[in-house]
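Each of the next two complexes has chain A plus one more chain, namely chain B in the first and chain C in the second.
Up next, the complex of A and B:
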């Protein structure tokens, strides 16, 4: 092997990488929080919502889960302006991630809700709780607790999938690696560093979500 | 090798020899006029300068320029398809008389071949719709410019960009074009050939040149020590610039006027 490794560019380009990490984390945070919120709403609608709402949500979920993320992103960024809806690359990236996680999260959370025995709904009603109170305290929290590991994985997948947003010139970590590669032609080094950072971010995010799980569901957390 | 094939081989060799062009030492223009044919190297894989059409005929800016020169010389045209890597060797080994293959001029090439005057515009610049008024790099302040990441125009624009210019770097030319057409960026920095490709689709937003970043027009290449041919081709180009023939070719293939300073 005659390739001479050269990491000298790190001294020049590290601000690009730092900015990229910041954007990736920001996208993951916003996409994760809003995506899970959307997922909860959709899971409620699909499992317990009114009859007319169920097919609407089912259509959304199937549409998103059966099309590539990159196409959804391009549609929002390049396609929607034709209808007069124009947003910047970060808004488009965030929206695509929320919509994407919302659909996958919906199915994961719905699995948790549907695993709730019928007797628990009746128990809630017999204690004089409203439907919403029953959903929140009796159904949702235990459901989330049950599927928390699966939901955590999905959030990590969304973070890794956010690499696609570099295609619409959002300056995330992948964009930073591409940018450095096209300026220095040190492809191996640039992508090696990006890989290492993604790995570290993914492990850190998984640990953070596990910690969040312990905080949110202190009694019987699935580990 | 038996006797019959030996005879066939000899006959073939003889035939080939009689069809061989005169040695390069002779005056190329005189040879062209004596043979009544000019051999011109053109690209076949570089739209809009040279491609092969659906009818298998070569077409493009370079092909039309070659036709123009043959016509003005009053000789038959023989097009020789070349790639960008072998276009100069074809000339040096006397397989062609001229190279019209979007050839840029640089010091290394000038050591081995001669160039006529420029016949085609080739430049990178900042393009935008008519209602955006920008005339230089300083005018880009506060604007958003799309560019293909890592391209020459990306590197050059980054050097001259004012502090509050936002540069959006897309993965490839298609991303840059889409960003421009969908209004995600105000302007794009790209080559005139890419701008021509956008214009060819007749979009609602038409990219017009705002200012040049890097100019490297195309020249016709010919062998060294051919002053008669050089003078003749220069004369034809000058004439074609004056009577609008070259402008017509530019309009047809690049969708833009021939720059006045070419």
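Up next, the complex of A and C:
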């Protein structure tokens, strides 16, 4: 092996990497927060919502879970303009991630809701709370607590999957690595650095989500 | 004037008729014990009174609030009757105090400070003022059940329904819960309780209802029901239960 590793380009191109990290983090934050919110709404609709809404949400969930993320992204960015819906690459990337996590999150959160003992719903009802109030104040937090590890993993998966948005020229970390290797021809080094950064981001995100879990759920769920 | 009026109530689960025309009127301040074998419909009857089960025929009203299946009527009814469950059903993610505060704030829109003051008062009333900030899983079963009672009382109901509230407790914890119930009875709270505590029923209750196969089989003052049961079914039930 006579390949000479050269990381000298880092001195020139580090701002590109930093910008890429920033965009990847922004996509993850927006996708994570709005995606989980959408997931909660859909999980409520599918588990406890009115009868007419359930098949609508089920269709959305199955559509997203059974098609590739990249196709969803292309459809939003390249397909929708044909219908007059145009958006920038970042908006399209954000939207695709929210829709994607919303569907997977829906199924994970629904499992948490359906594991709720019936007595919790009855206790809420017997105190005069409406079904929605009982869901919001009584059922939701313990349900999220039950499935928090699974939901955290899904958020990390979505963060790593955001690499696909480089394909619509959203300037995330993967886009930065592609850009650098095309300028420097240092493919190994560029992707090695990108890999290391993704790894560090994923570990940091997991830890952050664990910490968030501790503050959201100060107590173990009974039973 | 009756507080709780149960008239010709029938309830079916599929083909199985579990309540076959129940009539009971409860006067304010009465303490009613409902006894009977499992499957006799006693828990179902109790659950119908605050709308946890729908009824197929007949009518139920509590202090003028009719049992009707829409959310508005159900809420009005449930503000008048509190319910305590066998499994306590405390909200595990909230402290005891928060458990007692929640429905006041959510349902009655009581300001937080007021709800907290009421919660403290009710926790004192069940002898748990010092456990205000404890989570349910840090409390014994008896303590959890007393928090559940405080939680129901904080909504200031006119009547309380108790569904086998000591059945899930270790024997040594039963008396602390019954003591609280006895105190409530003494203060004039209207109570309907499904119970297997025959001694408690005899000592505290104003009337005893014996249910058998979905009907009120015998009803009367505890001394009559327990000392001179008229029907062979009740005689047999008491023979088994004693």
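Odds and ends about this structure:
Here, the second predicted complex is superposed on the first by the 220 of 223 C-alpha atoms of A that agree within 3 Å, B and C clash if a C-alpha of one lies under 4 Å from a C-alpha of the other, contacts with A are read in each partner's own complex, and residues count from 1 in each chain.
One rule holds in what follows: a residue touches a chain if its C-beta (ideal position, glycine included) is under 8 Å from a C-beta of that chain, and two chains touch if they have at least 3 such contacts.
From a predicted model like this one, the values you see are computed outputs, not experimental measurements.
In the superposition on chain A, A:195 makes contact with neither chain B nor chain C.
Of the two partner chains placed by superposition, only chain B is touched by A:183; chain C is not. In the superposition on chain A, contact is made by A:89 with chain B only, not with chain C. Touch criterion met: A:126 reaches chain C, while chain B stays clear of it. Legend: residue contacts after superposition of the two complexes on their common chain; A:207 is shown touching neither chain B nor chain C. Between chain B and chain C, C touches the greater number of residues of chain A. Looking at the shared chain after the overlay, A:166 reaches chain B, while chain C stays out of its contact range. By the touch criterion stated above, A:77 is placed in contact with chain B alone, chain C being left untouched.
Residues 77-79, 81-82, 86, 88-89, 166-169, 175, 178-179, 182-183 of chain A are the ones that touch chain B when the two sit in their complex. Residue ranges on chain C touching chain A, taken from their complex, read 50-52, 71, 74-75, 78-79, 82-83, 85, 87, 89-93, 102-103, 106-108, 135-137, 148, 151-152, 155.
Interface of chain B with chain A (complex): residues 146, 149-150, 154-155, 168-171, 175, 178-179, 182-184.
Within the complex, the chain A residues that touch chain C are 117, 119-120, 122-131, 133, 137-138, 141-142, 145, 217-223.
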